[in-house]
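First chain written, first letter: the chains are A, B and C, and each begins at residue 1.
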Amino acid sequence: MNLAVFVVGIVLAVLAARPLSPPVVRRLATIALVALMLIAPLISNSTSILFDALTAMCIAYGWNIIGGFTGYAAFGNVAYLGLGAFVAAGFMSRQPGHLAWPWFVGIPLSVAIVALVAGAIGMVVLRLRGHYFSIATLGVGVAMPQVITSDALFGPKGLVPNFFGGGLPLNFPLAEDISRGSLTLDADRYFFYGLGLLSALIGWAVTWRLSRSKFGYGLVAIRENEEAAEVMGINTTVCKVYAYMLSAALAALGGAVIGYKLTNMTTEADALFSTTNNLQMIIICLIGGVGTLWGPWIGAFVLFGLQEALRMASNSADFLAWEGVVFALLVVLVVLFLPRGVMLFVATRTRLTWRVFARNLVAHRV
Amino acid sequence: MDFVQHIINGLLQGCILALVGLGFSLVWGILNIINLAHAAFIMLAAYLTYFLWSLVGIDPFVTLPVTMAVLFILGYGLQRYVINLVMGASILTTFLLTFGFESLLVNLALRLFSADTRQSRPSYANASLNLGELHLPYTQLGAVVVALLLTYLLYLFLDHTRIGSSIRAVGQDRVAARLMGIDIGRTYALTFGIGAALAAASGTLLSTTSGFAPNGFGTFNVLAFSVVVLGGLGSIPGALLGGLVFGLVYEFGGTYVLSQRDVVIFAILILVLVVRPTGLLGREGYR
Amino acid sequence: MSAVPPILEVHQAGKRYGGVMAVQGVSFDVLPGEILGLIGPNGAGKTTLVNLISGVTQPSEGTVAFEGRPLAGMRPHQIGRLGIARTFQVVRPFANLTVLENVAVGAMYGAGGNKRSASEAMRLAEAVLEFVHLAPRRDDPAESLPIAGRKRLEMAKALAMEPRLLLLDEVMAGLRGTEVDQAMDLIRAISARGITLLIIEHVMKVIIGVCNRVVVLDYGKKIADGTPAEVTANPAVIEAYLGKRYAKAHQADA
């Protein structure tokens, strides 16, 4: 059933993204897509993979802003994903020393704080370009989990004592199933799925707004030629930092929602800050189409749809064991053969032939 | 005395880190790509060394030429038949591609070799040269000798052989080199192969000096980058200097400052990038 | 000289790269409404001078002032918003944007950008494309334009910024005969809109055809300043362009 949701979702997203189709079709497809996502928990046997796809999409929308629109190949957004989860947990945890704030306060606050942190880091790393920027951001991704577990900052005698648990494990409060009389609403199926969908829609809406704003055009101009953009009156420094903050904010939003569902931050830290998470947001954009409104949506649905199909076709224990290998292989194949992603076929009149896949290689070989 | 021991430990470790940075620096300087599979190459060599030692009983230092040759072939093939195809594409492409290879190799290693920690421990593993209160483990000393020797050999190779000068020519100006009749694709593959072989050497040495598991190698990419940035891109002495500095940082950072070494490395990296982007000994071209 | 204050004052401007002075002690004024030509042999420092004015590089010495306001320490985007637009000798289109979007970026962020929404900027961009005769290509990607089209696009992007001073860096280079004539017409039309122009040009026909006044640079120093006729008769200029011997022969002829 989830596979069907993914397939129909891809079709609708492609229809909505197609610049060649009439505006009314595009609008209807968008509405139908949202409707599909709203009824999905009613028809799906488990919304778990849909949740994964939607939160990953939100994070990918974030990467798309800095990596796609602005053209700065950031490789450390996983830092903000994880930080978002930890900060939200710090606010929401009901353990002693924490604030036990509700999610609708804790998560937005966490997103804002992460954006500010990213702003400070961005002011330094965005002075770098090319390889230097990429590796510096990669370093941010490597360093962040260590900063969070650092005794000097967050230990019992640290700057913000025990905010991230210190010696104790850091937990989100358990989200309870909602019971009204005989009706029970399962937390995973409805509450977390709803949060996931909300985060994805926020990611989409921010990008939609961006793609038609002056700010968005400024970012694209920076991507295409930074010096020319600067001369044309664009304050490139400020634009880049804002883009980076926005990018980190969406990563934090997705991360906080993922963390909330995982609950125990201390045991899940490695999973949050994983290389897979770091690569996933980029590869989603690549599969769908970097720097486009619908790219992350299509990319996330293709990636997780593929995952679901493989899981169904194989023994699931086997699949879990090989998941990392399959994912890495997919990264290599997409980069080599389809760097413009599905959007190549959606936005242009390119027909799907074998030659299309070789085109990237012919164009860029030495 | 404790302090002197720390300095010595740092310098010994630093020579190996210099070797880690050297291959990375060569590939970056000549091909202008950041090879994020570098750490995975180190890992492969470490496993190869470990299995040759534990299953066949070959001494790790004897294995050295074998791992270097195997990784040279792997690197050469990878560059020649895969990476060369996208050399003209954006930074994102080569970055992601090599990152994909890294992830692929690490995940394969996790599947095939499990996440257990291993170490090649020849009979002399615990023995050390004792000078008064100072202890210099033989494996560390051997590693330092090999690292310095390979660094010197690379310098001789680049400066005094025809292939070496064609590699440097390609690094300086690709178009001019092509006009001079140099086969760019082959030279790239050769350079990448040498980079992989140097990574292999460091992997073999590291497998004797410390325990390792597939997941632990990721930091070597950022570390190699930091070594190169600190020392300066395109400089062999720079890589050596960068390695020694980070060896000391590792030793003292881990002992006195923070348990979080990577944060220290990262802070230094950012500082250097912002204050002096050409590094301490950086210059145009490669020497 | 005249009662009108100059729109741009360059005073003793110099730029050092390493040990070399690319530009040294150059002073000149640009008066409102004029078309000033900036000429000189290759490597004379013309582009460096444009970089100094547009803030792409900071002068090592001297000052540049626009409408009486010193530009020292200003970033290029601030200068762009102040009302100085420039083109690049090697054109820099936003390759993956359409022609219209390229121009619209200028309208969004240039001197008049603050008061304009994205859709208003698109409308202004359409008008500018009409003006430079690129309207038929408005929805094509910028990278699909031929060289003459790209030069026009470069000018359109700068014009959409609604500058009061426009710096054109070799917009004729690479153009064929009729294309040069069209570009000259365009420069006159821009001037007729009240925009002051400073143009770097190698094609003498253009300098003589459109400029009111010419400043000549050689080895980073100003060697002449006057009407096109005065400058082309100036022995120092002829020497700079054609060498000493030719200059002597030329004088002997005269």
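The criterion applied here is as follows: a contact is a pair of C-beta atoms (placed from the backbone, for glycine too) under 8 Å apart; a residue touches a chain by one contact, two chains touch by 3 or more.
Just so it is clear, the model here is predicted, and its values are computed rather than measured.
Engineer: Which chains, taken as a pair, are joined by the highest number of C-beta contacts?
Structural biologist: Top-ranked chain pair by contact count is A-B.
Engineer: Using mean Cα positions as chain centres, tell me which chain lies farthest from chain A.
Structural biologist: So the chain farthest away from chain A turns out to be C.
Engineer: Could you state the distance in Å from the CA-based centre of chain A to that of chain C?
Structural biologist: Here chain A and chain C have centroids separated by 45 Å.
Engineer: Hey, how far is the Cα centre of chain A from the one of chain B, in Å?
Structural biologist: 32
Engineer: Which whole number of Å gives the spacing of the CA centres of chain B and chain C?
Structural biologist: 50
Engineer: Can you pull out the residues of chain C that are in contact with at least two other chains?
Structural biologist: none
Engineer: Can you tell me which residues of chain B touch two or more of the remaining chains?
Structural biologist: Residue numbers touching two or more other chains: none in chain B.
Engineer: Counting only residues that touch at least 2 other chains, which ones in chain A make the list?
Structural biologist: Not one residue of chain A touches more than one other chain, so the list is empty.
Engineer: Which positions of chain B touch chain A when the two form their complex?
Structural biologist: That would be residues 28, 32, 34, 82, 84-93, 95-97, 99-101, 103-104, 106-108, 110-111, 184-185, 188, 218-219, 221-222, 225-226, 229, 258-260, 262-263, 265-266, 269-270, 273-274, 277 of chain B.
Engineer: Which chain C residues qualify as touching chain A in the complex?
Structural biologist: Interface residues on the chain C side: 54-56, 75-78, 80-81, 85-86, 88, 92-97, 101, 104-106, 108-111, 113, 117-118, 121, 157-158, 161.
Engineer: In the complex, go through chain A and note every residue touching chain B.
Structural biologist: 67, 73, 75, 124-125, 127-128, 130-132, 134-136, 138-140, 142-143, 146-147, 149-152, 275-276, 279, 282-283, 286, 290, 321-322, 324-325, 327-329, 331-332, 335-336, 339, 360-361, 363-366
Engineer: With touch defined as at the start, can you tell me which chain A residues reach chain C in the complex?
Structural biologist: My answer: residues 212-214, 217-218, 220-221, 224-225, 227-236.
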